[in-house]
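Alright, structures below, take your time with them.
After this come two complexes, each holding subunit A, first together with subunit B and then together with subunit C.
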Partner chain A sequence: MAAPEASSAAVPTLMTNNTLRNAFGGVLSFFILLLIGVLAFSIRLFSVIKYESVIHEFDPYFNYRVTQFLTKNGIYEFWNWFDDRTWYPLGRVIGGTVYPGLTLTAGTIWWLLNSLNIPLSVETVCVFTAPIFSAFASWATYLLTKEVKGAGAGLTAAVLLAMVPSYISRSVAGSYDNEAVAIFALIFTFYLYIKTLNTGSLFYATLNSIAYFYMVCSWGGYTFIINLIPMHVLLCIVTGRYSSRLYIAYAPLVVLGTLLAALVPVVGFNAVMTSEHFASFLVFIIIHVVALVYYIKGILSPKMFKVAVTLVISAGLAVCCAVIAVLIALVASSPTKGWSGRSLSLLDPTYASKYIPIIASVSEHQPPTWPSYFMDINVLAFLVPAGIIACFLPLSDASSFVVLYIATSVYFSGVMVRLMLVLAPAACITSGIALSQAFDVFTRSIKFQLPGLSSNTEVDAGETSSATKEAQNDAVKTEKAEETSKDRPSRKSKKKEREHVEKPSTKTKAEKKRLLALPLEASVISLLLLVFLGAFYVVHCVWAAAEAYSAPSIVLTSHSHDGLHVFDDFREAYAWLRHNTDVDDKVASWWDYGYQTTAMANRTVIVDNNTWNNTHIATVGTAMSSPEKAAWEIFHSLDVKYILVVFGGLVGYPSDDINKFLWMVRIGGGVFPHIKEPDYLRDGQYRIDSQATPTMLNCLMYKLSYYRFVETDGKGFDRVRRTEIGKKYFKLTHFEEVFTTHHWMVRIYKLKPQKNRIRGKTKKSKSKTSSTSSSKRSERGLFRHGNVFGGKEAQNQFCISSILGLVPCATTGPPKRQI
Partner chain B sequence: MGRSSSTKDAQALFHSLRSAYAATPVNLKIIDLYVGFAVFTALIQVVYMAIVGSFPFNSFLSGVLSCVGTAVLAVCLRIQVNKENKEFKDLPPERAFADFVLCNLVLHLVIMNFLG
Partner chain C sequence: MAISATHLFLVSFITLSLFLVISKAESESELVADLLALQSESKSGVIHLDDRTVSKFLTSPKTPRPFSFIIFFDATQLHDKSELHLRELRNEFALVASSFITNNNSSNTKLFFCDIEFRESQSSFHLFGVNSLPHIRLVGPTAKSLKDDSEQMDQGDFSRMAESMAEFIESRTKLTVGPIHRPPILSKKQLALIAALLLIWSPFVAKKIFAGQTLLHDPKIWLSGAVFVYFFSVSGAMHNIIRKMPMFLVDRNDPNKLVFFYQGSGMQLGAEGFAVGFLYTIVGLLLAFVTHVLVYVKDATAKRVAMLVAIFVSFWAVKKVIFLDNWKTGYGVHGFWPSSWN
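Showing the complex of A and B:
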């Protein structure tokens, strides 16, 4: 919206002097860009205004914790950080398994601000990192689109990206996740690639590989870049658009980019060992062959070249076949054909649901529904096809890249809803091109029809000025391009096309212009419609930013007839854990809450959101779906002291553990086959009412969720499942409830200590003589404490310890003693 | 008969290639020599790896990629300073060389870091 407003200020600049106009255009674009940056930043502040300045969701808490560690201990400690508070008892090497880009960025910002004596807390810096980088991302979009289609399209695309809901959903203030900086890095890398391609400068190629390095640091999605760019290079070669600029843009990127990627510990040798990167090497070889062919073609006469081709083809074909065979054999020899699971699920959408329940269980890894396209990119979905068509007239190297980008990202977003994020910039760029071209055509025809009246209506005139300016830019650029690349095969047909489009925009070709001009009424109405469309988009984006995507998900609110309710149960529970449990106590929960527990409660967890060890998660899942005693044994073997479950039945919070429970069963059953999903389903239906299966009603998750639930309303009505629970009155034998939050959303249980086994034995075998049993006991006592206190004094120690109650002793202790 | 004609063709091709290449300016020939040397060094390393083994893999990788990178950058430089290449006629050779040095600097900084 900044564009029309600012361009109306351009009215006084309608001077005859072209250079002055260009200068004004530059200043104007600068201010428009500034406004776009402010817009991108401020539209993401709804979460801070409506809630508070907190870190959101799950993964950001981990990033926040890492950033805290980084700012406290420095970079060297960070690389060597072995975190023993997670994945107990395995631990996790954080420095080698995390994409450090986001953390290092926020750490640098914090350090910079502090050295300037601006004492912001680490949390504040983390909260506002994402909005700052979304402003950068919209500027990068401007640069990229400017390289493709001129400044007008660039500004439009930047405005669109500043408020595209799909990107807002990942970058509101507080959403401190990798994607926040990665989208900027992605767009900027593409921009530098296009820039190198257009200029053929080695300087930009260097910058390009450094931007690629930043992207590799930031996000696993860098594989998208390292596959998309080779695809584009291949496309250029196949369509006969090879030029030496293409070589300069691509070959240094592969070498430098591979080396730089290998520097990031989490990628390491994967940069040359996994198939995701092989495409780039293959194209690297191909481009060298093609470059050599073009070079030889350049220095030889056509006849001799023909001779050379026949000779080389007959000899080279055999070599090529051999090389390809070796490559295929290499790839096929690795177990998953060299592809990691997540990438395979991109190529084959059904892969994850078939083989990896942990990937399938994450909701953002599911394929999206049609409404989510409309929700996330809104009217852009309709503008994208027009933008693609605009990219084809005239097709340049840069615009073919945009077409390829949008095509691949549409495919990927259809596979995984998370990758809608990659689609969003592409959609913004193409719709920016479409919108600006449409404005260009309409305002030009209006201006043509009203030669004297063009300065009457301010907005129209302003837009015309920007349009003509843009057209001139285009004309200059295309002239340059024509000069620079004369030896291309597809030149003539392209030139014709280009004339067709470009000539009307220059004033000399008035006749053709008349042919292309639309009727006045039609263009005015279409302009109004376009403005209306833009307004609709803005309204939708603001609504999405304010209502849909700003909830931090650790503080929940609900509006009801008696006002606003705030549910702050998560922080209540984590604070309880932090203040009432021992520092080294282990807390078990489903993996979703692992990051939050370590970050907010500072307690050791068994599994967390970095789902690197399927077996470990399956163990917890199995425990949750086992009956009480078996679960107690599993948890006890893991040295767990507390169990945390999230329960939404009282207040109607839908994403609680009961709703996630089937995934626990599936993941657990994937490793431990005695857990079978059908046991938890009645006729294929998941239910917790009186029709539920006994396995379901007796499993630990059910019991921990619904323990004492009937006391709340007397019926045990679950508001999420909208039914009365099946088993209302039961007692826990191996667990005890220690804390339940205000709205019952988080319930914390403690494992009861190991049972006094002797008591059980004496109960069963009362007929046995006490002497035999006591001798047995003393043997065990000796065995247990001999290691600790030494052999000689064992007997004494045994007595002492039995008095102290460390060793159960039926003869001295009361029969029902609890330790 | 086919064989003899093809050998004749090959000979003719070889001659014309040589005569065409002889017309190349000296500075480009120097760059070509440099590229050839870099590729040759990379080949030696690959052969060595095949015989001895790739144990310090990062060392092998940085060695080979250093040579390949040097060759690629030199090829880029050659493209840019080539007078016959119309695309870069407004790019002064000094600028091209400065870019080349910068890119090499970055490349070898990274390699030193990666060498282990």
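Showing the complex of A and C:
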């Protein structure tokens, strides 16, 4: 590291030496960043290597289908796209109801590659979008952390983020979902905000608004930004850190950002009309009042100012009160107080569990326990407090933002496990700062105390130059701290000034640093332990990426004593539908499989994962919970020709339709009161064995799942519920089995053609079932709810991967009150 | 003699039956008056029953009784079992009762809200055949056997608290409960007072803020606040609040032993969360202490000792968390080494 030639210690040589070192450092940083990008990309390829290049899960299939449409028909068609393949017979306006960021991004990448004559398929582009954006996200983390605590901390934070498990869980190759690009957008928006705050440049302020626009396009989580930044601004004002830079960083963001956000169809006027955005407007007013105060303070003499201040404060207060009153009136006039249920459950964590059971039931919305933190941010959980403290020493505008970010996100993650994703970047940034400072201290201690080197003049030169660098860094920090009250002159002149001021003091600084060293052997041990901690993090992250988060859930595998088993039943079934049914046939299934059916089988579905219409879902739920004949009538009235059920009883796949069935009953019963949950429960217990209720044994879902099941092993032993089924031998009267996949995981039935003689009856009971009573409906339809047994949880995926091993999974009934 | 005897018998019979009829009518109105008195005695309008009153009001009067009872079965010793929500349900029940009484102007004597406690009236519990809680039961006027003829409120009916209880009552008794009057969190006077105080206070606050002398200007407050929020969240305290988890459990096999750590990743106990949250936090705090405070200490031995302690504690904490995590979740984290290494 030290340059031996520069031993003469003359000032000009030192200067060139210094620039050389800086240049070398710059190049090194560049290559390190490049490697970090490669790391972030490649650690996410486990899913492609272990399985294949496929789109994962459910929602990504919808995004994939939209992207296909976009690349085929162009952007204007995309905005106006009315999708008639879903929600039959209603259809869905796609252009106005999706966050288009992800689709447009992947579409643009595809178009770019194609115009460069690189003929990649749309699917390939979609699969690799998330890993690519993870690399971008780690670079954005570098930039953000560099603005806060320098390049060393930036690099550390970037490498931590490149492999943080929480982020990996949402961005493995194939996980083509909004979060994949949104986390990058989130970090980049924060970086530009901090950059504007540090430089006071309108250029960055404009970029910041555009980055915010991209974030709004990409993910509903943008409300986190538009609340966090105002909070930080308010914090700065309250703690007396107001500066014109703060004004430049904030005011354009609110004005431009809100205007841009309103351009996104799915947000539209929500950008000015919902409570989630009101905080930003309130702070916008406050910052103007404060700016006015500072302006008047600047132009008036102190005595005059005292007179003016009373005037301004009273006027400002009056305006504030008026605006607050208007806001309160606006908020109070709406029934939910202007907040969506999900936001409310963040502010009052017990809200959802009390009033919206359907939100509380979703596995993603559960509050995490401590192992979740260890699983998702691993050893970073240990380092974060050190990072928080480092941010306070010294406290600058930028570091106070990081503290606010970590504090809010860690609180939110405590309420909902899915918000761990927002915590992950903050944890990486603070841990990066902590690690980098710890390495700094320990290596310095070792360097100054290595035996036989302390008297060497050659090292002195190196020391001095490195001390210069550190002194400069220190100066930057102190400068930032001092700068709060006065306006900032141009950056270049400042730099020159700094160099003049600091040269004489470098020698004494180096002496001081020598005194600040820690004991040698303890430093060595600490350093080693920190390296081990980092190594453990790497091992954990690689394991999490490879084992826990890479399963695509469309192809399942399991290891057993006789080798690897692959379950590709879903695609088998969708391919069968695609090749053996008419293109306009309607396929009914529970809504979980809607997106996949439209995307892979290209057939019209009744309900899908968008869940915007509760009545429609309830109709399907009712049909599944009804006896065969009533179900046939409902499905026939919906023009359905095929029914698809997912059945895990043969191979032990726990998230099948029988396990989700109680939700069908509940949702169906919410709209059609003749479906009652107690009818399907024996003494409050959900069971399918011989103790099951007759209603349960006669409902369509039971029959379609267990039809001919006894022929497999002669007993009808269900390996998920771990019991023999209740009714083993029965015939279907209104449906016929047309296809069952290799492992029986997907079974497709066809509605038998209508018989003439039951026609009169059909009409009668149809009118009965279609009479909806929507009095008891809650906000159910607005919220996504998963199955009872967990959605995208690592735990669930372990269950799946232990198929055939018959490991007990979360297959108990829904939570019942213990008596 | 025979005639007179018959005569006497007849007279006495008539008198007796007359007396009985009158007494029945009288006793009925007496009972209702008694009940009304009991009702007005209690604050919320819930009548407290015990074995004696149960027999007086329910078992002895002949059916049809002129009133229905809705009875909340309570057990004080189960109040601290948070998963039963007994106390909340009891409060909600009282709320329905008081709302019913106010809405019907206390003129309605058809329905009475009662509660009954397990310790005091075990035989009544037997009488109703109640062996699990929470349990709410409606005894209609015609119910002969308390066990079989009365209707039990489903779990679904009290899941949505007072409103759903009222729905249940309305659907079974054909009486209207009317809107539930929940007591406001703050009364109007309190609100006005708070608003006034805020208004008076605000100029002082503004002045202080502009002068830069509030508690908020002290970074130490912010620092400890941030670290505390961190500790609070990573310890899973939100989970404990939302799920109302107890701090520890009593071992089922050995009542003298307490269980502080729960195996299985979906759930955690209070003490467990705080212990691990503490371990998470202490390492970072020690690291910060070493890198930011210890370097300024002059004494070399003190430095050395402090560092060694910090290293030891941190190492222990990390090891402990890794061990606990493996034990709790059962995940086998392993590295991916080259196959030639094995």
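Odds and ends about this structure:
The rule we apply is simple: the second predicted complex is superposed on the first by the 647 of 819 C-alpha atoms of A that agree within 3 Å, B and C clash if a C-alpha of one lies under 4 Å from a C-alpha of the other, contacts with A are read in each partner's own complex, and residues count from 1 in each chain.
What we mean here is this: a contact is a pair of C-beta atoms (placed from the backbone, for glycine too) under 8 Å apart; a residue touches a chain by one contact, two chains touch by 3 or more.
Only a predicted model underlies this, so the values are computations on that prediction, with no experimental measurement involved.
Contacts of A:F269 after superposition: subunit B is touched, whereas subunit C is not reached.
When the two structures are aligned on the shared chain, A:L311 is found in touch with subunit B, with no touch to subunit C. Once the two complexes are overlaid on the shared chain, A:N602 sits clear of subunit B and of subunit C alike. Contacts of A:N698 after superposition on the shared chain: neither subunit B nor subunit C is touched.
Contacts of A:T124 after superposition: neither subunit B nor subunit C is touched. Subunit A is touched at more residues by one of its partners, and among subunit B and subunit C that partner is C. In the superposed model, A:T258 lies in contact with subunit B only, and not with subunit C.
Of the two partner chains placed by superposition, only subunit C is touched by A:I406; subunit B is not. Subunit A residues in contact with subunit B (one complex) as well as with subunit C (other complex) do not exist. Those residues of subunit A that touch subunit C in the shared complex are 238-240, 293, 309, 313-314, 317, 349-350, 353, 366-375, 379, 381-390, 392-393, 395, 400, 403, 406-407, 410-411, 413-415, 434, 437-438, 440-441, 516-519, 522-523, 525-526, 529, 533, 536, 539-540, 542-543, 546, 548, 677-678, 684, 795, 798, 810, 816-819.
Of all residues in subunit A, those touching subunit B in their complex are 200-203, 205-206, 209-210, 243-245, 247-248, 251-252, 255-256, 258-260, 262-263, 269, 272, 291, 296, 298-301, 304, 307-308, 310-311, 483-487.
Taken together, the subunit C residues at the contact with subunit A in this complex read 83-85, 132-134, 154-156, 202-203, 206-207, 209-210, 212, 214, 216-217, 219, 222-223, 225-227, 229-239, 241-243, 265-268, 272-273, 276-277, 280-281, 283-285, 287-288, 290-292, 294-296, 300, 303-304, 307-308, 311, 314-315, 317-318, 321-322, 325, 328-329, 331, 333-336. By the touch criterion given at the top, residues 6, 9-10, 12-13, 16-17, 20-21, 57-58, 61-62, 65, 68-69, 72-73, 75-77, 79-80, 84-88, 91, 96, 99-100, 102-103, 106-107, 110-111, 113-114 of subunit B touch subunit A in their complex.
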